[in-house]
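Chain naming follows the written order as A, B, C, D, E, F, G and H, and within any one chain the residues start at number 1.
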Amino acid sequence: MTDWQADDPLLLGGQKFGSRLIMGTGGAPSLDVLGRALTASGTELTTVAMRRVDPGSRGSVLDVLTERGIQVLPNTAGCFTAAEAVRTAKLAAEALGTTWVKLEVIADEVTLLPDPVELLDAAEQLVAGGFTVLPYTNDDPVLAKRLEQAGCAAVMPLGAPIGSGLGIRNPHNIELMVQAASVPVILDAGIGTASDAALAMELGCDAVLLATAVTRAREPELMAAAMRSAVAAGRLAYRAGRIPKRRYALASSPAAGA
Amino acid sequence: MTDWQADDPLLLGGQKFGSRLIMGTGGAPSLDVLGRALTASGTELTTVAMRRVDPGSRGSVLDVLTERGIQVLPNTAGCFTAAEAVRTAKLAAEALGTTWVKLEVIADEVTLLPDPVELLDAAEQLVAGGFTVLPYTNDDPVLAKRLEQAGCAAVMPLGAPIGSGLGIRNPHNIELMVQAASVPVILDAGIGTASDAALAMELGCDAVLLATAVTRAREPELMAAAMRSAVAAGRLAYRAGRIPKRRYALASSPAAGA
Amino acid sequence: MTDWQADDPLLLGGQKFGSRLIMGTGGAPSLDVLGRALTASGTELTTVAMRRVDPGSRGSVLDVLTERGIQVLPNTAGCFTAAEAVRTAKLAAEALGTTWVKLEVIADEVTLLPDPVELLDAAEQLVAGGFTVLPYTNDDPVLAKRLEQAGCAAVMPLGAPIGSGLGIRNPHNIELMVQAASVPVILDAGIGTASDAALAMELGCDAVLLATAVTRAREPELMAAAMRSAVAAGRLAYRAGRIPKRRYALASSPAAGA
Amino acid sequence: MTDWQADDPLLLGGQKFGSRLIMGTGGAPSLDVLGRALTASGTELTTVAMRRVDPGSRGSVLDVLTERGIQVLPNTAGCFTAAEAVRTAKLAAEALGTTWVKLEVIADEVTLLPDPVELLDAAEQLVAGGFTVLPYTNDDPVLAKRLEQAGCAAVMPLGAPIGSGLGIRNPHNIELMVQAASVPVILDAGIGTASDAALAMELGCDAVLLATAVTRAREPELMAAAMRSAVAAGRLAYRAGRIPKRRYALASSPAAGA
Amino acid sequence: MVIVINGAARHVADDLSLDRAVSLVSDAATGIAAAVNGELVRRASWQSTRLAAGDEVEVLTAVQGG
Amino acid sequence: MVIVINGAARHVADDLSLDRAVSLVSDAATGIAAAVNGELVRRASWQSTRLAAGDEVEVLTAVQGG
Amino acid sequence: MVIVINGAARHVADDLSLDRAVSLVSDAATGIAAAVNGELVRRASWQSTRLAAGDEVEVLTAVQGG
Amino acid sequence: MVIVINGAARHVADDLSLDRAVSLVSDAATGIAAAVNGELVRRASWQSTRLAAGDEVEVLTAVQGG
């Protein structure tokens, strides 16, 4: 079977990735389940959070990534201000030896929606600090453009609130964002099932980032395989150029007797 | 890479199919393009129409299917009455040596929507005649049940009018149909792009039948590969059990400092 | 305030109605609440069901309608066959002195969806019997056309299952039906709130029939007033000719300094 | 007919308004058409833009408002920075003798979407300057909360880009905004037809602001009447408490024979 | 004899007329209709309609619905 | 005599067999079916089927569709 | 001297007052506002405000919009 | 003296070095980072970094998230 993705890598932060599915590690019932899901997903880049060391904990999510040769992407989850986010990013860089960061600066714990002002501030500081900044943002095309102008390596708009599984609530905004962007657009948050991920790619997104949809599915490994296929399917459909929507029918068989 | 479909064949008309994507052959710019698209789609069952022989024509769609070991499924496209459809099905059986038929009995040439009364009549006659009947029907769960009771081997509801590319206009009806059906439900007509096909499978359909979305895409072969992945993705997601939709966010990273 | 409806009556069964909102009476907590809701709705035509007389019952829904000068429209709710529906219609005609009937022939008690074959049969018999037949049908444009050809005075497609409050699941089908119809199209069943009723009228429906959305609302009288305004609003918008949808913005203020 | 709005005024900027429909004046083919549309809409508050005086122009939009006793609401349309917007607001206050302003600070002329950073800055300056600030914002609940905290008298989220007629693209965000807001939420921009306006009110918005949907409709006066009814309908439905959506049907007639 | 009215068996005088049978369940002057063994009987014919043992009488009226 | 094959009138020898008639429009060994006056005739019977003046013959095959 | 009113250069008497400058483009008694070099000047100060060569005067009013 | 490590107060030897402090909660050779009073201290400087009474030490590592 032809590998249709072969000649279509994702260019992000100066690197090439064969997979356009970026995974998160939150919500998995165990490191074993997580590991199998990550393998099934085919991901090459995966997020982790930074927290205080727990002397009691056995096994590390880092080992799970290392064994599979998956690049680690620390996030700044749980930060409410630019200052917290910048500090967390620096600690992550020291701990993990990477200058890549998924930048999250949220406004409250009910919606987990990003705070546009603090986010932009943090992005500017981290870009100045030499980081490769991948900001989790809302679906506002204007804020996305500002983040791009601030030097972010990509913009990562939400489709819906984190963990909601509501899919892409406003495809129109994502399309506007894609048209205006000159950095990769990565759909982050909201994906609930495979068709959501395929739609994101059909809208022109360069990649999809998801965690909950896989880690909290009834069968994470199977859903990871589903997402892998869905992202590939959506990307192929985007490249193939879909048929126009038409109000009326168009016969797919020649007129009778013709 | 694990073959997640390996243990999940489609059971239809007493046969097993490894692929859940049934293709149509209408609309392709050439037999060559059609052949490459069929290969890329991985389909094992493909529809053809019956028309008067054209002495001048070179090459046959049948050769394209035979070379690839794809089972042929004649349709009764262009028939407006049960009588026409039954006659066409019998001629197809004689010409192609198959008792399988995709039963189409349409009401008019603007919407190409099925005529429920004529369709049910034709289905009953063909089942009595020993045919394996796969009826193209509207998305009415009641008519689908009647067709099943008439002995059809599957029901094939439309997502939207043939060739419209409008996707699945009424997912709720398809879900009701799937829940009530004891024969395979195959989403036929309306698919425009990969996410539509994935959604059909997530709703619980057993397979997807499409033609225009691939044959009239800008790049048919690429779109065929997209549909192959999309159907696989949707089926896997259905089996994996998606996360529930939630009104609010659910953190995928542990609370700060925890 | 100008009465914008003044010159725009509903023509149905040879009569003129000033109101385009047809009400049902099912689900109201009391005849008193029902009466106030009917008054607030401004309806001029309202459905009732036929059941065995209950010697114990006090007060009659008929009195509620008579006091308000509302025309009664008996239905054949609960009938599963053409024969039952025809008998019920004849008993209703005898009891209520009207040859108008809302024809319902349902397939099962879970979906309460109409049975297309029995419905068409019953419609033909009742039209032959001199009835003014208003059939509750699904949203299939083909069946609607058959019912019109059978001599029905209108077609009454569902927006969604009875009492579901899911609104109009397939606006595209309703539009196709409206375009093809030469009798009034009345959206029946599925309306959950005011915007659903407005949308039905904007799609080109001639009237809306609803019960549950009002009778089971937290405040039936207020919701009845809401539906009255919504139907008027949707009809006016339909007549006014809405602006086209555009992908991009269109300034509503002159360019700066111009 | 009972006036259901009588006891339900809009409280905005310390004033009471009987109408929950705020109109814009852009796009009308003539002042005469505008005047008749404003009357039909029943609006009590209407926006105007500030531009250089044109010695040649005859008649003024101000006269149209004054004759009808409609309160004027100047906007800052066309401003791309906080500085421009603040200056425009001050000139408007001087010219029109009002400290109310519809604050618009847009990011570009293609999407006309608000610039979150400049908007918040301008809002803070104008609140400090004693203005009653009504900011046109995107549908981000976080930015809306920041604007409220800055002292704005209301928040006015878009449903879709100005003049697009795409309706409310992300009802979920509007609901989140309404739940969190302690100032009025006014749906501004995107309304295309009556059902859109009704939906806005059903989501809990306190009012709707629109211009293009009326002024560019085929018949502006009729559409203005439609919008008046639609806003009333949506508000009443919100107050009445709609029925829940249910997956299956719920009979509105008693079980047969019961 | 025994007849069935709206599903309930009743002992009634032999040769009972339909109008008497109806009066056992309703005194409504209007708004009701009756069927005997599934067949509609017009009100005008109630008095002249004699019932036989085992007849099933249905007396219907309008209720809230639809 | 004159018969109609796939809608076109043709002068043919009297008493023509169906297999000869079919061969006028197709030399396909498989993948075709024939009907005379709307009735399917199995291939096995083509040779023994004699046509009469005015007969309408339809010869169908599979084409792209559906 | 030369000043600019609403983007157009005009020759005016030296030492022109703002109320005179405004009157060159509008005779409206109400509904207008003026700015000199980007700064709002209240109507009460128009008469006492003397313009200098090169000053940019903006005179705005309300138009259909929003 | 008393210092705070990841939120917990501990009695430690005066003049404790940061690498010793870190070793009280983790023996990981890689994958961790430390901050003293909110300021990141590079691993290379842990040994030379002396802690003072009341210092707040944070030792972080990667966990499942995002």
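Going forward, a contact is a pair of C-beta atoms (placed from the backbone, for glycine too) under 8 Å apart; a residue touches a chain by one contact, two chains touch by 3 or more.
Predicted, not measured: the structure shown is a model, and the values here were computed from it.
Asks: Under the document's definition of touching, what chains do chain B and chain H have as common neighbours?
Replies: A
Asks: Counting only C-alpha atoms to place each centre, which chain is farthest from chain A?
Replies: Of all the other chains, the one whose centre lies farthest from chain A is E.
Asks: Need the CA-centroid distance for the pair chain A / chain D, whole Å please.
Replies: The mean C-alpha positions of chain A and chain D differ by 35 Å.
Asks: Provide the C-alpha centroid distance between chain F and chain G, rounded to the nearest whole angstrom.
Replies: Inter-chain centre distance comes to 94 Å.
Asks: Report the inter-chain centroid distance for chain C and chain H in whole angstrom, where each centroid is the mean of the CA atoms.
Replies: It comes to 73 Å between the two C-alpha centres.
Asks: With centres defined as the mean C-alpha position, give me the chain A-chain G separation in Å.
Replies: 55
Asks: Residues of chain H that touch two or more other chains: which are they?
Replies: 7, 63-66
Asks: For chain C, what residues touch not just one other chain but two or more?
Replies: Residues 24, 26-27, 49, 51-52, 75, 77, 111, 113, 166, 172, 211, 247, 252-254, 257 of chain C each touch two or more of the other chains.
Asks: Under the touch definition given earlier, write down the residues of chain C that touch chain D in their complex.
Replies: 1-2, 4, 24, 26-27, 40, 42, 49, 51-52, 75, 77-79, 109-113, 161-166, 192-199, 202, 211-213, 215-220, 222-223, 225-230, 232-237, 239-258
Asks: Sort out for me which residues of chain F touch chain A in the complex.
Replies: Against chain A, chain F makes touches at 7, 63-66.
Asks: Could you pull out which chain C residues touch chain B in their complex?
Replies: Residues of chain C touching chain B: 107-108, 111, 113-117, 120, 138-143, 145-146, 160, 166, 169-170, 172-173, 176.
Asks: So in the complex, which bits of chain F are touching chain B?
Replies: 6-7, 25-26, 28, 30-33, 35, 38, 40, 42-43, 58-66
Asks: Looking at the complex, which residues from chain D come into contact with chain E?
Replies: Contacts found on chain D: 252-254, 257.
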